[in-house]
Structure formats: C-alpha cells, structure tokens
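In order of appearance the chains are A, B, C and D, and numbering begins at 1 in each one.
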Amino acid sequence: MITLNNLHFSYGKKPLFTDLKLDVPSGNIYGLLGMNGAGKTTLLKLIAGQLFRKSGEAQVLGFDPVKRHPAMLSDIFYLPEEFYLPNMSIATYLKLNVPFYPKFDQNAFDRYISEFALDTSQKISDFSYGQKKKFLLSFGLASNTSLLILDEPTNGLDIPSKTQFRRTVASALTEERTFIISTHQVRDMENLIDPIIILHDGVIIFNASLEDVSESIATTLELDEPQGADVIYSEKVPGGYSVVRKDPDGTFDSGVDLETLFNAVIASPNSFKGGVK
Amino acid sequence: MITLNNLHFSYGKKPLFTDLKLDVPSGNIYGLLGMNGAGKTTLLKLIAGQLFRKSGEAQVLGFDPVKRHPAMLSDIFYLPEEFYLPNMSIATYLKLNVPFYPKFDQNAFDRYISEFALDTSQKISDFSYGQKKKFLLSFGLASNTSLLILDEPTNGLDIPSKTQFRRTVASALTEERTFIISTHQVRDMENLIDPIIILHDGVIIFNASLEDVSESIATTLELDEPQGADVIYSEKVPGGYSVVRKDPDGTFDSGVDLETLFNAVIASPNSFKGGVK
Amino acid sequence: MRNILLLLKKQVYEDKKGLIIYASVVFGLILIPNLVMGFFGKLPSSQDDMGYLGLFGNLLFAGGFIMVSITYAQEMYSKVKQHAWLMLPVHAHEKLIAKVIYHAIIYPLVLLIFIFASSVIIEGLNAVLFSSSTPFLDMTDLAVWKMILNYLILQSVFLLGATYFKSANFVKTVLSVMVVSIVLSIILALIARVVYAPYAQVMFHGGISIDETTFIMNTNAMNLLETYEVIGKTIYWALLAPFCLVVSYFRIREVEAKDAV
Amino acid sequence: MRNILLLLKKQVYEDKKGLIIYASVVFGLILIPNLVMGFFGKLPSSQDDMGYLGLFGNLLFAGGFIMVSITYAQEMYSKVKQHAWLMLPVHAHEKLIAKVIYHAIIYPLVLLIFIFASSVIIEGLNAVLFSSSTPFLDMTDLAVWKMILNYLILQSVFLLGATYFKSANFVKTVLSVMVVSIVLSIILALIARVVYAPYAQVMFHGGISIDETTFIMNTNAMNLLETYEVIGKTIYWALLAPFCLVVSYFRIREVEAKDAV
C-alpha cells in the first residue's frame, strides 16, 4: 500500500527526514504518534503528494505520489486539520465532488450523515468546525477510497461525537482499506488504532501492533516507586506510578496504556519489540 | 468574580441562551464542558466582553463586561482556539505588550518558557501551533491576571506538553486566580479541572465540585449489563459497561470518570447534586 | 496618553516590514524611470517639479486611504486578529485616537520627509551622473499643505467606511461616496430649481429692461449662493471630519466578536 | 474532457455569489449615472456609443486580470484552500485548461453578452423615460473583437504572474511587466544605437549631399525596421501566450504544500 525508502526531506536547509523507511500494508487503522514538530503532518503530505521528497523512493497505491496521478488521488481521502468548505448545500457539494470519486456510495453517505446527526438542510459553510469535520469524514468514508489519512480527527469533536467517531471508523474498516490517523489524543483512540507508528526526530522509532507489544511488556499503575531490573520506564502520575515492565511470560494481564507506552518509547525506543535504535 | 443573571443572547433570531445563570467564585480551575454548539465559546466571549448580551445582568471582576474597561481587560487573559501572533521576537513582543499588564512577572515568564522548552531565539510567528499556544500560555500565566480563560488549551499539544500543561497550570493556581477551561479533552484535564460546569442546550445543567459529586455517586466499570435501582446511567464500552450508580454511603471507593459523568449528566441532569432540571 | 503612545509604538513595530517594502517600492519607482530617462538624456527641464508634488499627492491620498481601509479590516474585523484587538486593555477612544494620529498626522509628515529625502538623493544623482538640476520637493509650497489639510478631512471618510463596513470597506466606501454625491447633487438641483425659479424667470423672460426689482432680487440670489457656499465649506472643513470620527468611535466601541469575517 | 467540464461546473458554482455581486454592481454603475443624466436632460448624443465599448474594454481587461490573479491566490496558494486544490483527482493540465477556458473564453463572451443586454435594457429605459435613443453596444464592431484578441494574449501574462508569485501576484505582475518593459527598451535602444550608428552618422553629418550609398543604406535600415516589427508581432501574437501557458503549467504541476501563504 505505502512503501517509503531512503526518504530525504527538508524545509530550507534544516533536514527533517534523512533516510526514512516505512512500510504500510493494507487493512489496518494505523496510529501515527509523535511530538510537536516531529514531522507527522509532513509525512502525511509526502504520502499524499502534497510535498516532494528531496531523494529516495516512495510508492503509494502503486503510484509515485509526486506524480499526483488522478487514479491515485481518487483513491485517497485526506482530512487535514485546517480545511475550507464552500458556501453551498450538502446536495450541491455532492453533485460537484462525487464525480471525482468513482467508488462513492450514496447510501453509506446518508447513513454516516445520520449517525453523526448532521442537518442536511443547513449550508455546509454554516456548520461548526466539529460538524464540518463530521461531514468531511462522512464524505471520505463513503468515497470508499483505499487510503484514508486523518490528521487529528477528534480535535474539535465533543464527547458523544468522539464515541461515534470510534464506532463509525471501526465499522468502516475492511480488508482493502487502510487508515492512517495522526493524533495527540491517544486516549480518544484507545481500542481503535492498532499498529502504532511513532515518529521522533525524523525517524520512525517504533512500528508494531499492540498485540506484539503486550506479549513482551505490560503497563501497570503502582503505588510505590517501582524497583527491579524488569522496569523499562516509569513516570509519576496522580495516584502513583505508571510503569512499563518487561513481561515475556504474561504475568501481568493488563492492556497497554498508550500515553505511557508513547513516553516509554520516546525515552528508550530499543527496549521494545518493534522499536528501533 | 463572575456573576451572570437572566442572561439572554442570540445569534440572529435563534436564541442561544435564555435566562442563563452562573456564579463563579475565585480560586479554582473550572472545567466548562458541553457538546459542539452548546455555546461554550459564546459564554466565554460574553464573559470577556467580546459579545454583548441581549438582556440580563453580568459582572466580571466588578465590571460590566460590555464596557470593556481597561482595568477589567488587563486583569483577564483569554487564550482562544484560533489566534494570530505577529512576526517578531519574544523580546519585542514582551516590550510591546507587557506595559498593558501591570502585574506581569518577568521571572515567572522565563520559568514557564523554559518549562515548555521554547526556543527564545526563534521568531514567534515561526513557532508551530503547539509552541504558539505554549508561548501565549506562558505570557498569560506570567501576567498574573485574576481571570484566565482557556479555550481548548490542549488541542495541538503533544503528549509530553499536555503533562507539562497540567503541571504548570496546577502550580499557577492561587487563592486570587480563577481559571475557566473549556474543553472536549476531559481526559487531558483529569485531576486538574475541579468544579465542573456543563452547558447543554443553552442552560447550565450542572455546576458542582467533584468532591460533592463523589459523595453521592460512583462511576464503575462492570463486566455485565448493570441492574438495580441505583443505576443512574450506563453505557457499553470496550471491556464491559461504564456505570454511574447512586452511592450515598461510599460503598464504591472510586474516582469519577469525567467522560462517563458528562454523558450521564447530559442524559439525566437532575439525578446529580449540582445538576438542575 | 501613555496608552496612546504604547499603541503607536505597537503599530509601528507591527507595520515595520510593510512600511519598508512600501518605501522601497516607491523609491524604486522614482529611481528607475529617472535613471532610464537620464540615460536617454530626457530628464525634465529644471523648472518642472510637479513630478514630486504630484507623486506626494498620489501617495498621500491613495496610500493613506488604502492604509486606513486595511488597518481596520485586518485588526477589528479579522477572524484571527480581532481577538487581540478586543482584549487589549485600552479604551475604545484610545484605539481610535492612536490610529487617527498614525494615519492622519504621522503618515503625511513621514511621507513628506521621505519624498523630500528621495528627491534630494535622486536629484543629487542626476546632478552627478547627467549634470541635470531639477529642484527638490519644496516643503514650503502651500500646495503641499493644502493637500495635507484636504487629506485630513477626506481620510476621516475612509475611516468611517473602514469601521462601518465589515468587508471590502475600500470599495464600499468609494461606491457609497459616489452614491451619496449623486443623491446630494439631485437634491441640490431640485432645491435650486425651486428656489431660483422666480429669478430665473425674471432673468430669462424679463427681456432687457433692467428695473430695480430685478437688481434687488439678483442681489438676494447672489447672497443666497454665497450662503450656500459658506454652508458647504463649513460642512466640509468643520463638520465632516468630527462627524466621521464620532460615528467611527461608536462603531469601535460596539464591535463584537460576531462581526469578524 | 469530462474532468474539464466537471471543473468548469465546480468553478461556476463556487463563484456564483461573487459573479452575481459583480454583475449587479456593474449594472448599477451604468444605470444610476444614466438615470441622473437623463433626469437633467444631459444624456449623450445618439452617435456616441463609446460609453458601452469603453466600459466593456475596462471590465474585460481590469476585471479579467483581477479574476485571474485572485483565482490562483485563493486556491493554489491559500493555506486553507490549497489542500482541496492539491487533492482533487485531476491532472495538472486539466486544472490549467479549465481555468484558461473559464477566464479567457467564457468570461469575455459572457461579459460581452451581459454588457449588450445591459445596453439594451438601459437604452430601452432611456427611450421610454427621456425619449433618447443611443444605440446598443455593437457586438459586430471589429474593435470589440480586437480587444478580446488582445485580452487573450495579455491575460496569459497575468496567468503566469498568478501562478508564479505566491502572494500579491497582481501587483507583482504589474511591477514585473514595468521592469521588463524598461529593461527591454534600454536593450533595444542600445541595439539601435549600435546598429544604426553608421546610418545616423551619414544622415546627420553627411550634409545635404545625397549620394547613392546613403540611399542603399537607408533602404537597408528600413528593411531592418520592418524585420523588427515582424519579430515583435510574432513574439506578441504567436509566442507570448504559449510561453506563459507552458511556464504556468509547470508551476501548477510543481506547487507544493509548503508554497501556501
């Protein structure tokens, strides 16, 4: 689906990516995590053909993204953080934009729109930011594109909408579709994003499924400051310590807390299966 | 600190607030929650004097906000979701803006800036969105204004920054200062915001401290569908049911999960102490 | 007073880059054609300094009106910048006064000095390179100060337009002025027809016999005309700018977050 | 082809509101002064229809250039709208062709019909109200079609400016054209000096004795002048527009997310 190799990219003279590698097979909801300025949005734009790499190889859906071939673009839906919607009704918007997406499914669109409780009689430019996001998401999901890139999709959504978002995206996943969700709100994404990709200092320092991770480690909440050789990472939180321990035998039967995992990976990436130096 | 009474407000003909009441004493970090379109930002703007009420009374820091008296404005810091920073260095920005805030504390500012790891040699317009937010927050905290209004402050902040944000805001709270934080990211705010104000359909349906709430109810995670008369609210979540139960005797010794509380209050506001019909 | 000075300082710092670009473009636009004409030996004769005066007038009026129009559109009515405008702890009248001083007093004076300095540099160059000697811009010329006085009045109209209209205020101001002028001239023409009808009848149909009555009536008509002129001048020189300022003040005081576009 | 039609449809829908405002303002600006002049009995004489032709020319050139400038600034280089521009599943050349058809072909024709229709309505009104009878805009006038042909060429220059400059493209295009013209005229003047120096010497210093050589040389000079004219016309009519189109195409193909301002 997506293969990046030896990718170099820089804004001006300061290099952001030197020798970036990434391989994304289809059929998953990838979570792309990273600190501010790590280059998450830049990576998404390189994949979508909005930025051109300085050198290296890239293949997205069988195309070189810099060519921006219509066949590639019509198979990608990209929800950015900032967007603009014209001053028209939903029906007009669909009339003008659907012809560019051959796999668009009108029934699915109507279902999503009603799931998100959007008022079809309103002009889309009068929607609030959250409603616009839900509208674009409905359009993107209904377009049945093979690749969906969502940049901070839950920003601006209220609590019930976030729950609905998780449900809707989970139900829209098929074998042929791939989601890449870039986010800081990992707690909104728990039980949704599965293979986790962590980008740090221009390098992908972690790329693994949570199942693989939980085979070898466990995250626990402990009252006392943790001791022992099996402690990979610990941080003070209200009510005790959030601890990441080596757990190859499955002694601790706990899920993986994504925020703690993220902090632990940033602190010592090579302690994890899927992590790299 | 803030008293609103009988407040009416509408955009065009559609009324948003009819007869809104709110009383905010000083010295707390208030969490203002509500669904998209509930009017959270409108309420904040009415408090800050950016919008004028149609009728009713309002007093903020002893002033009528519509007068926009400089003495009131210099005692308020308001971090909006969307903002603009001019193309200049931090030093120039301070030189031009500090004179308007008589209680500004330069040492505190320097401390916040280093806590947020901001590069003082960079131009502020070159900062990323998250960095700009951290810069404005440092400025606002160092201004020592009595009222701080933060609209979605953790949007755009990465995971370590959110932790730092919680720490910094908690440490900046004094008896004389009041924070009002409007947010959908309640999980980022756990153990920070305490009295919770919930705005729904133009009415404040809930205004209570978490201590008061936990005296009478408990939120639990249960494996089976909950039964019994003491169940106020339950929702299916991955791994079981999130349940809100009446608990006047303190049987369940658990914290309050804010997302579940929010959903429960929206569903039946009058079941809670602090909730109104 | 302190707040106004602080606001002026802020404005200068924030406009710095734009002003430098503006000044460079103007200087380039004087310098380049001048060099070209000098190269071909076609520099204007030594008595003709209308060039600098005309340039000053164009930049004063067009540049000043555009600056006034842009500043409110970008600060008071801009979706992203309005927040800072509204939350700045100063009174509405201080914001207005600072902007008026900036656009109506500082801008004309700085522009005058700038054009004068440019004329000195360029004519110095001309003298050295092409042994031509056109005079500099004459700052003591009455025409300069008449322009500035008229600019003071007229910029207040654009100030009113800039604070009154939420978007495209320059175009809307120009159109409004046109519409108002047309309506005013229709009204004046109607008044003139009604008021002067008897005199006109006497004057055109009374033949050549000039009797005492006609004289008296004509004198009255002349007095009336003079009265109108006085009224017109008073409105223009004494009332127009204060009126525009007061209305602008109320707009600034009453602008709300929902006005941003 | 299908994509181009879809793009045109999209453009029309998205511009609809702006176009209606534009048309209303233009119609109002013709109608109101016309009514005023009619009221005072000062309508132009019946042979003078330069009014509509001149109006058409002004709107064609100024309006067209501004439209071209705005469209790329707002879509290709706008921070919020660029995303949709880049992700739209069409080829770069389809985007360019759709815009060119819209601005270079549809706009002049629709404007022509619109001004013609306006002239019919307004002269109809004039005939009824003031019994005046100025002719409508003459669509068969050669001047109209010469304007459109020149517009076709010149708008490609603004197209190039609009795609080349990321911000303030209209102003920068005008300034660039000025600078290029000045540089070109200097170069041409230099060439002229070098090439024609011998003829000029003969002509001015050779006295009145006209001998055979001077004649032959003068004929050569005339031939050279004619050659230059042919070169100039070819560049203008045949090469300028394709050159601008090709460069614009490459800019559109190579625009990146980081170009947005």
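The working rule: a contact is a pair of C-beta atoms (placed from the backbone, for glycine too) under 8 Å apart; a residue touches a chain by one contact, two chains touch by 3 or more.
Predicted model, so just to flag it, every value in this text is computed and none were measured.
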Those chains which touch chain D and also touch chain A: none
Hey, which chain ends up farthest from chain C, C-alpha centres compared? A
Averaged-CA centre spacing for the pair chain C and chain B, given as whole angstrom: 47
Taking each chain's mean CA coordinate, chain C and chain D are separated, in whole Å, by 31
In whole angstrom, how far does the Cα centroid of chain A sit from the Cα centroid of chain C? 55
Touching at least two other chains at once: which residues of chain B meet that condition? none
Should the pattern of chain-chain touching be classed as line, ring, star, complete or other? ring
Pairwise, which chains touch? A-B, A-D, B-C, C-D
Quick one: which bits of chain B touch chain C in the complex? Just the residue numbers, please. 11, 45, 48-52, 68-74, 76, 78, 80, 82-84, 86-88, 92, 96-97, 99-101
The answer for chain B against chain A in the complex is residues 33-38, 128-131, 152, 154-162, 184-188, 190-191, 238, 259, 262-263, 266
Going by the contact rule at the top, pick out the chain D residues touching chain A in the complex. 2-3, 6, 9-10, 13-14, 17, 78-81, 83-84, 86-92, 254, 256-258
In the complex, go through chain C and note every residue touching chain D. 25, 32-33, 36, 39-40, 175, 179, 182, 185-186, 189
